[in-house]
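There are two complexes below, and they share chain A, which is joined by chain B in the first and by chain C in the second.
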Partner chain A sequence: MIEIKNLEKTFYIKASFSNRKTVQAVRHVSFSIPSGGAISLIGESGCGKTTIGRMLCGMETPTSGSIIIDGQDLSTLKRKERNRLLQKIQLIHQDPYQALNPTHTIQQMLAATLKKMARQKKKGPEWVRQRMDELLRLVGLDPETILFKYPHMLSGGQRQRVIIARALTVEPDLLIADEVVSMIDVSLRLGILKLLRDLRENYNISILFITHDIASARYLGSNTELYVLYKGMIVEKGYTEQIIRQPHHPYTQALLSAMPILNGIEKPGKDRFVLTSQFKQSDTDPSGCLFADRCPFSQPSCSEKRPELVQDGDSYHACFFPEVRNVAAESV
Partner chain B sequence: MTTTETAKTVKAFKPNIYQGHSFWRAAWRAITRKVSRVIGFLIIVMFTLMAIVGPYLYPKELPIDPNNIYAPLSWKYPLGTDFEGTSNLALIITGARYVLLAAALGALFTVIFGTVLGLIAGYFIGWSDSVIMRITDFFLTVPSFPLLVVLSTVWNFGHPLAMGFILGITSWGGMARAVRSQTLSLRERGFIEAARGLGLSPFYILFREILPNVSSYIGMNLLTSITGCIYAEVGLFFLGVVPFHVNNWGVMLNMAVFSAGAMSSPDALPYLLSPLLALLLLTLGIVLFLDAVDEIFNPRLREDI
Partner chain C sequence: MANVSTAHAEYQQENHKPEMAISARNINVVYATPTGKIPAVRNVNIDLPKGSITGIIGESGSGKSTLIMAIMNAVTKPGKIESGSVILNSKNDLLKLSSEQQRKIRGKEIGFVFQAAQNSLNPLRRVGQQILDLGRSHDVKDLRGLIKYAKELLARLGLDADRVLASYQHELSGGMRQRVGIMFALVLKANIIFLDESTTALDMLSQAAVLEIIRELQKEKNLTIALVSHDIGVVADLSERIEIFYAGEIVEEGKTSKVLSDPGHPYTKGLIQAIPRISGDIDAAEPLKGSSPDFKTYQQPGCLFYDRCPIRTDACRESRPELESIGKDHKVSCFRVGADDRN
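Entry: the complex of A and B
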């Protein structure tokens, strides 16, 4: 069980000697991932989804708020204890071409952490070998062909599987999948998504799925919660299927509208709209709704006060004028 | 044909077992890929053998031949003779050990200091980086050759280890800066972040994850600094600022120019040119061999499957 409360992150950028700019990357984000559960964070580039992932695995320090793993608040723990807990959260990088050391064979990569685990568990080298085979088979690779290869001999999909196998060596509770399929050949994407779902269903590993593509979030299995982020704020949350069917927030609708449709088999929803203005990272914080300047449905009152995340039936959304619009593709 | 018959004709798919390749075999393949590399390798091997067995081939006191002073090139004296009638070839061969050992040790010290300090500064950044880089700047700005001249007056350079240490300590600065800058870019790469996330120790990350990625650069530097060190020490001997304990190439140059008058009398020219030839040949060998180093250390270039 991993819980996040009021997480905030502000980046300071030194613009000049005396002047420094701030970028609010994450604003008051709270959620919890039960063990074996899955959450997807979605939003466009720069919305803070990767920053949340990096804070969770200890690569960034939150400006405020707390990360609670199994009831222990990370910020109150000593460094050694914190590192031990953080090992239970493993990040799978977006770019499988960067995340494997080009000078190591697959065997060396897996052995590095497995030897450490073997020492902790007081097991011999035989255990390391066995576990290596087991993990590679689990992620759908053939140990005999792959063990002594270097990363440059593998395809993007194989690399991503090796990265997942390496993350599994430390027996994590949570995998953070940060845009795992965006750099992989289209034909291999589903295989990776299915692997993540299998890990979740068979080994009770929770998944935090970070993506900009709602469609791939649907492959994670049932009762996946979807959090839509805009400028570091949660603007809508609910179960994935439900949000896709009944999006309330205009930003969620914009994301759904941007999904390509299969012409001839599907037709666009009748309320489909396309955002024309670009996402801007402004250093002045507007007092009103963050999305008001781009929202095609914004009213003058939107820029006066910022909407809170309120419950509405089964879902939560942060909008003063929520309205279900039919933007997802429908079959002909 | 029925389906069962077709199924029989299809071979069951069996993936090839891939066992990898050994580092030494790959290195050998990289060397033999081009003729120039083989020549470079042979020259280096020849000089190495010369340094190891050379002094045992001749008596401790090289024979002198008063009838053959400054003899021209002949079968008996392939490189002529010196002012005492000693064979120049014998002088080159027996003199190789000190020169090459000191140069190899000098290059080794340069690479070890430079690599370790560069890795630490680049990986840990912060105050350790500041401290190490200020020390590096200090060593970079101190002119090394005059310093060597000054040091040679107070230090006994009789043993190659002392010479190598001094050569190494004056020349690691550039190496440390280069390794640091490469480490700075590597530490932001995904696989280093992943290693940190997996809880691997900083020692492992530095020497097992980052070091292999800069190893081809280090290997090339090791070879080029061998030539640099040879020039520096031969220069010291040539200038005569270091006492002559043993016969070596630098001493030969010094004697040829300052005692034998090789600059004015053509008779003594073989005495001057033979150590120069040895230096030239060794440099050539190293330059030709350098080409193979990148291929040896970089697995992406070792395409042999």
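Entry: the complex of A and C
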């Protein structure tokens, strides 16, 4: 069980000698992932979704708020203790072409951590070999053909599988999958998504799935919760399927509208709209709704006060004028 | 009156083939390697009708970029165009022109937008300076007019033109660079635009915005566009016709809606099933079996899709199917069109 409470992150950027600019990357984000559960964070580039992932795995220190792993608050722990806990959280990067050492074979890569694990568990080299085979089979690779290859001999999909296998060597509780399929061919994405779902359902590993593509979030299992982030703030949350069918927040609707339509087997939702304005990182924080300047449905009052994430029936959203719009593509 | 004009339009459609902006015939490209020649593109015929968007779909390693480079006559070593012709506007054969003539055509008549726009911009020069460089190399007399047109295009693309012209490429975001790339392709008033994975590196919202802009500009300026991507979603959204490319050959072509709703080739079927979609049954989605084509695939004598095909027979291993018509404007290269693959 991993819990995040009121997590905030502010970056300071030196603009000139006299003034310091601040960028509020994450604002009051709270969620919890039960073991074997999954959460997807959705948002465009720059919305803070990667920062949340980095804070969770200890690569970034939160400005305020707490990360609680198995009931222990990370910030109160000593360094050694903290590192032991953080080992249970593994990050998988977006770019499978840069995450592997080009001078090591797959066997060397996996053996490095597995040997350490074997010492901890007081097991011999036989265990390392067995475990290596087991992990590679688990991620859908054939150990005999893959073990002695170098990364450049593998395709993008195979590399991503190797990276997942490497993350699994330390027996993590949570995998943070940061845009894991965006660099892979569309035809191979489903295989990786199925693997993540399989790890969840059969090995009780929780998944934090970070993406800009709502469609791929559907394939992690029906009980996956979806959190829509805009400028570091959660603007809508709920179960994936429910949000796709009944999005309340205009930003969620913009994301759903942005999905390409497969002419011939899909037709656009009747309220579909395309947001052509660009995401801008503003210097000053607006006092009103963060999305007001791009929102096609904004009212004058939107820029006066900022809406909070509130419960409305069975959905949670942060909008003063929520309205369900039919924007997602439908099958013909 | 209205009836007469529609009848006339139909008559025109049936009896007059649309004029082709680019008509490529029998393109063959081979890569010479120490282990022998690899046919990267084999006997490809492709037409880009004037004023329409054609999509080309293929996985990484399918040779789709090589095909585009062959059409532009820009294949780099160790690749070599063995044979074929590329007729531009029913006049010149691009493959026979001198390199100086080709250089003039690229940019002025054919624009190109690359996947990674950041790699196609000069990091040491501001965007405005690069437009001037482009103008000078194409003997544009009115450079002031060129900058004015560039500003117009940038505004059209939803950017702050003055800021962009004064920026270096590292000062622009991914979405902005891609838009700048589109501006560069259009600024010399090229009518034929190649988009090679131009939206792949963008997130959903910028991708949708860029696609929308491409759609609008295409209508407004009656551009001929070839859209190359591995993402069937992007291609299906934008293009009127699609060409499915696998291991150096076209395996299926036709009207987009027809090919998607009634795919003939097992590869097309697999591709459509393998995309994460926002609609439809999650459990019906099935990853494509096997791995992307590699150099061994290209050298096999039979059907190139043999090792991944769910409906293969022994005959498929020995001989290779040709592209044949299975309906109006719908061609497939498969011996087993219509065979049931549900077992």
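The definition used in the following text is that the second predicted complex is superposed on the first by the 332 of 332 C-alpha atoms of A that agree within 3 Å, B and C clash if a C-alpha of one lies under 4 Å from a C-alpha of the other, contacts with A are read in each partner's own complex, and residues count from 1 in each chain.
Keep this in mind: contacts are C-beta pairs under 8 Å (C-beta built on N, C-alpha and C of every residue); 3 or more make two chains touch, one makes a residue touch a chain.
All figures in this text were calculated on a predicted structure; none of them were measured in a lab.
Superposition of the two structures on chain A shows chain C fitting alongside chain B with no clash.
Look at A:R218: by the touch rule set out above, it reaches chain C but stays clear of chain B. After superposition on chain A, the vertex angle at the CA centre of chain A, spanning the CA centres of chain B and chain C, is 80 degrees to the nearest 10. Using the contact criterion defined above for the overlaid structures, shared-chain residue A:I68 touches neither chain B nor chain C, since it reaches no partner.
When the two structures are aligned on the shared chain, A:Y150 is found in touch with chain B, with no touch to chain C. When both complexes are overlaid on chain A, the residue A:T103 reaches chain B alone and has no touch with chain C.
Contacts of A:V23 after superposition on the shared chain: neither chain B nor chain C is touched. With both complexes placed on chain A, chain A has more residues touched by C than by the other of chain B and chain C. In the superposition on chain A, A:L309 makes contact with neither chain B nor chain C. Minimum Cα-Cα distance between chain B and chain C in the superposed model: 7 Å.
Under the contact criterion defined above, no residue of chain A touches both chain B in one complex and chain C in the other. Against chain A, the residues of chain B that register as touching in their complex are 15-20, 189-191, 193-200, 204, 208-209, 212-213, 215, 298-300, 305.
For chain C in complex with chain A, the touching residues are 59-61, 158-159, 173-176, 203-209, 211-213, 230-234, 236-238, 256-261, 270-272, 274-280, 282, 285-288, 291-292. Put simply, chain A touches chain B in their complex at residues 57-59, 83-84, 86-87, 90-91, 93, 95, 98-105, 112-113, 116, 142, 144-150, 152-153, 163, 166-167, 169-170. The touching residues of chain A, when paired with chain C in their complex, are 44-45, 155-158, 181, 185-191, 193-194, 212-216, 218-219, 222, 244, 254-266, 274-279, 328-332.
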